[in-house]
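Letters A, B, C and D mark the chains in the order given here, with residues in each chain numbered from 1 onward.
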Amino acid sequence: MAVHTEAKRDQACLIVHGPDQPGIVAAVAALVTRNNGNIISLDQYSSDPTGGDFFQRVVFSRPDLAVAMPGIKDDLEKTLNPLGMAWKLTDQSVPKRMAILVSTSDHCLLELLWRHRRGELPVTIPMVISNHTNTAEDVRSFGVPFFHVPSGDADKSHPESEILKLLAGNVDFVVLARYMQILSPDFLDRAGVPLINIHHSFLPAFIGAAPYRKAKQRGVKLIGATAHYVTRDLDEGPIIEQDVARVSHAHSATDLQARGAYVERAVLSRAVQWHAEDRVIRHGNQTIVF
Amino acid sequence: MAVHTEAKRDQACLIVHGPDQPGIVAAVAALVTRNNGNIISLDQYSSDPTGGDFFQRVVFSRPDLAVAMPGIKDDLEKTLNPLGMAWKLTDQSVPKRMAILVSTSDHCLLELLWRHRRGELPVTIPMVISNHTNTAEDVRSFGVPFFHVPSGDADKSHPESEILKLLAGNVDFVVLARYMQILSPDFLDRAGVPLINIHHSFLPAFIGAAPYRKAKQRGVKLIGATAHYVTRDLDEGPIIEQDVARVSHAHSATDLQARGAYVERAVLSRAVQWHAEDRVIRHGNQTIVF
Amino acid sequence: MAVHTEAKRDQACLIVHGPDQPGIVAAVAALVTRNNGNIISLDQYSSDPTGGDFFQRVVFSRPDLAVAMPGIKDDLEKTLNPLGMAWKLTDQSVPKRMAILVSTSDHCLLELLWRHRRGELPVTIPMVISNHTNTAEDVRSFGVPFFHVPSGDADKSHPESEILKLLAGNVDFVVLARYMQILSPDFLDRAGVPLINIHHSFLPAFIGAAPYRKAKQRGVKLIGATAHYVTRDLDEGPIIEQDVARVSHAHSATDLQARGAYVERAVLSRAVQWHAEDRVIRHGNQTIVF
Amino acid sequence: MAVHTEAKRDQACLIVHGPDQPGIVAAVAALVTRNNGNIISLDQYSSDPTGGDFFQRVVFSRPDLAVAMPGIKDDLEKTLNPLGMAWKLTDQSVPKRMAILVSTSDHCLLELLWRHRRGELPVTIPMVISNHTNTAEDVRSFGVPFFHVPSGDADKSHPESEILKLLAGNVDFVVLARYMQILSPDFLDRAGVPLINIHHSFLPAFIGAAPYRKAKQRGVKLIGATAHYVTRDLDEGPIIEQDVARVSHAHSATDLQARGAYVERAVLSRAVQWHAEDRVIRHGNQTIVF
């Protein structure tokens, strides 16, 4: 991580979105320039050049960024708010704080911990929370705190409020790395941060439980995985990333599950990385990924 | 084609399936040997080694195959029927006769005609039937007869019986290469040959009409296509082949359709080739593809 | 094509590249704005934020573009030339003129002709030139002129000058769609337009002749194809696009060639499309593809 | 592992190869049957039906396999040796013993240790040997012995003989999981077991050191990895598996290396699994992978 964030010292990421209008790219670019920034990369998308939605991600370098941030934000407010544009400015050298929720399957969890240790994910991991204890030792060997919050039987409100207490103020987003409990709408509201889930099918195929068994029954020739933001509608949130692997009649449902595990961890890792790098913008039930 | 089928002179393909039982591979291999055949390739699959279903495809060469066929079939009957095994023996140098049904989109149609002309599909194409006329000239430039059967308005029985008259006795299977009419159960019964359809989505996602529009709305990151045998249940038949292509937020529904066209023609071509080479065995609502 | 270019009416594409420097994005965006343009898409890349090379592609719409072009070019000259930036402005509704050179293999040729007919390639095709005649009828059935220029035996200067006479002033770029003659440095100089070649291997593996045979001998598990700009160094020009397909021990060199044909036509088509849309910028022996 | 090998109790794998001849499949199948075996899967390949090489892999179940093995081997000797066929019979419930050699990069190492712990690799891992110590703690946390053998300076014979002492009699094959020392021909001879290496390029492209840097310089659009058996000719051994990932101009050589790491570990894992399951047969400088 040290190396990773060091490379991003004095780099800012600006996300702008709102109603498309002439001159908006010029206005943003001019703003960066007059604040002594040098644009490193710029991505832009318009859902429709005439009257659609405008999305932009600009990464720029600026010496003494931390000192300059308040001034740049003032300028953004004065420049973009009158145009009805929403914006978000982040210091790329400040990693996002990511909590991981997991049940017994360790493949997605370990992939994230290991990529983090290699310095490939610009995040810190203040905690892993599980309703089981089998991954505790592994998690702690990565120097990450592990908390066990057993799932209540019928009443889920107790474990959910315990999890909320752990998260409160400590995390910027949450990853459900094969967490096999359905979270209540109330939990999502109170968490107040984005949640990313990995679903073990190529959504919208095989919504719900046991997708690999359903895939075997349907006789598909490819299996997949989908990373998406969690919304109140189960398996219906905005998709961030998907991928597939080839299978054949010779694979059992268990084989599909084993193969699928490698698709799941790859897909979830990419989604987490892109989210952490502010590359994903939610747009209704879809995502723009720059 | 000449080259293709010439290479398969005196080659037979034997498909065997039924209840798994010890000694069945040995019995088949011994039968081939005592009929002076030399096994070129052999694929075998058991759904469950104890009490499951057994599937086998054997290709063997045998001098003067055409003359020997009746004798081999007698032997197969005596050897395999008592064991409750179904079998099918085909002369690989005799191409299957394939009819193509198409509406206005030409991409799948042309792909099949091209591949056939290149000698890559072991079939003959006695006819293309369409409810439109826009592809007539292209089809005939390949030396293939084109028949126009307009789709009736409310009453579909008339065009269906006209199509049945054209097919009767002249074809071994039918390909729906983007034929946008739903065929009646009665048609399927009376056709009496397998029908292969290309569906423009990664089934079971986006069943029914306008899958690319639905894919855009759901914000998927991959689009796909599925080739399957046609059954009475629309979009529910046994899947032969599937594939996908990556898309992004920047693609419109029209872009998805254009990209999808290339997946469709590749998937359909592979399915047709495998069917024509007797590589696909239906097993309930699934397929074994050797 | 009508539909395709109609959709791009009054759209301009501006390519800018040169030494990276602060304010360059702002300067370009401001220029577009003051010329009444509305930015539709913008891609930008810096090889190194401090002292590297800067590349940008901007597509903008502008009413009455054709009338405004000279004024915009004046502005570009005044704005960008003093900064040492190279630029190119094109009217996206004016398709590039593409000649195709081909020998006997028709798969890449037909793919381009067919995609063009579908309106997917923003080009016109004023001519196909071949050192053989087997594709003449197909080419002309697409309404495209076909010219036969036999390859001389030892002396290649004669056919080359005949080809140059055909091309002169009539084309904006040339595609070698499996043209099996090596073109002389002199030809490349005098052609004066970019040439795109499709090589039937995953370069830099299997440079030179008979790559599928070499691939079979080496026992690779994937075969590929590469589209690249032609330079004086055979098979060494800047790569535009590559892709691969999976193969196995069971495939003969002939099978590899048949499978490879589908990779070749897909790779070449993408490269041609991107070139025609001004998405490819040469940078030394590499390409930037936006 | 317990689960994995338990599922393979009383299952044998028989590999047969040699000159193709009529009746060989029948002879093998009959042998299995008369030894009370039931064929579970069978793969067969002939390099040329007339006068080529024959390769077969048969998995069969047989109650009390361990007791029956000597008798089956006697039968194989009597049946196949006179035909000039080589064969190998293994008890699938006995995992192969795999040593891992590694330098500082941990990605391939950890992938193998994880997959092994998940029960997906039918091997035991008696030791990891490294010329560095950075992975020691991780390795031992998996319950696997770690041995540090520093690489000698000029003279490599000392570390090589130390490694040979550790391996002698204890392992069935060796995996070079990014081991950055070149092993001498003498070492390969004396090791007496197969060695599998992962090369970080799509061989035969970018042979030798620093392939990602070379890939960046050549401007390729895909990077790859290759798992192969080690021979005296560096990077020239029989290829077991390859795969690629898409990259663009925007990726630095360091980015390529990071992306490539995920291809490397996937490719190496598949090669190790197939080798451990006796699915790979060497054939000159190529492999048959069933």
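We adopt the following convention: a contact is a pair of C-beta atoms (placed from the backbone, for glycine too) under 8 Å apart; a residue touches a chain by one contact, two chains touch by 3 or more.
Model, not experiment: these values are computed from the prediction.
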{"item": "Chain connectivity with chain B absent, coordinates unchanged", "value": "one piece"}
{"item": "Greatest separation from chain A - chain, by CA centre", "value": "B"}
{"item": "Selected pair, greater C-beta contact count between A-B and B-C", "value": "A-B"}
{"item": "Interchain centroid distance [CA atoms averaged], chain B/chain C, Å", "value": "37"}
{"item": "Chain centre separation in whole Å, for chain B relative to chain A (CA means)", "value": "42"}
{"item": "In chain B, residues with contacts to at least two other chains", "value": "41, 45, 250"}
{"item": "Contact graph of the chains (line, ring, star, complete, other)", "value": "complete"}
{"item": "Residue numbers on chain A that touch chain C, as the complex places them", "value": "20, 22-26, 28-30, 32-33, 36-46, 49, 61"}
{"item": "Chain C residues touching chain D - in the complex, by the definition given at the top", "value": "45, 202-206, 217-222, 224, 238-244, 248-250, 283, 285-289"}
{"item": "Residue ranges of chain B in contact with chain C within the complex", "value": "41, 107, 110, 114, 118, 120, 141, 250, 258, 262, 266"}
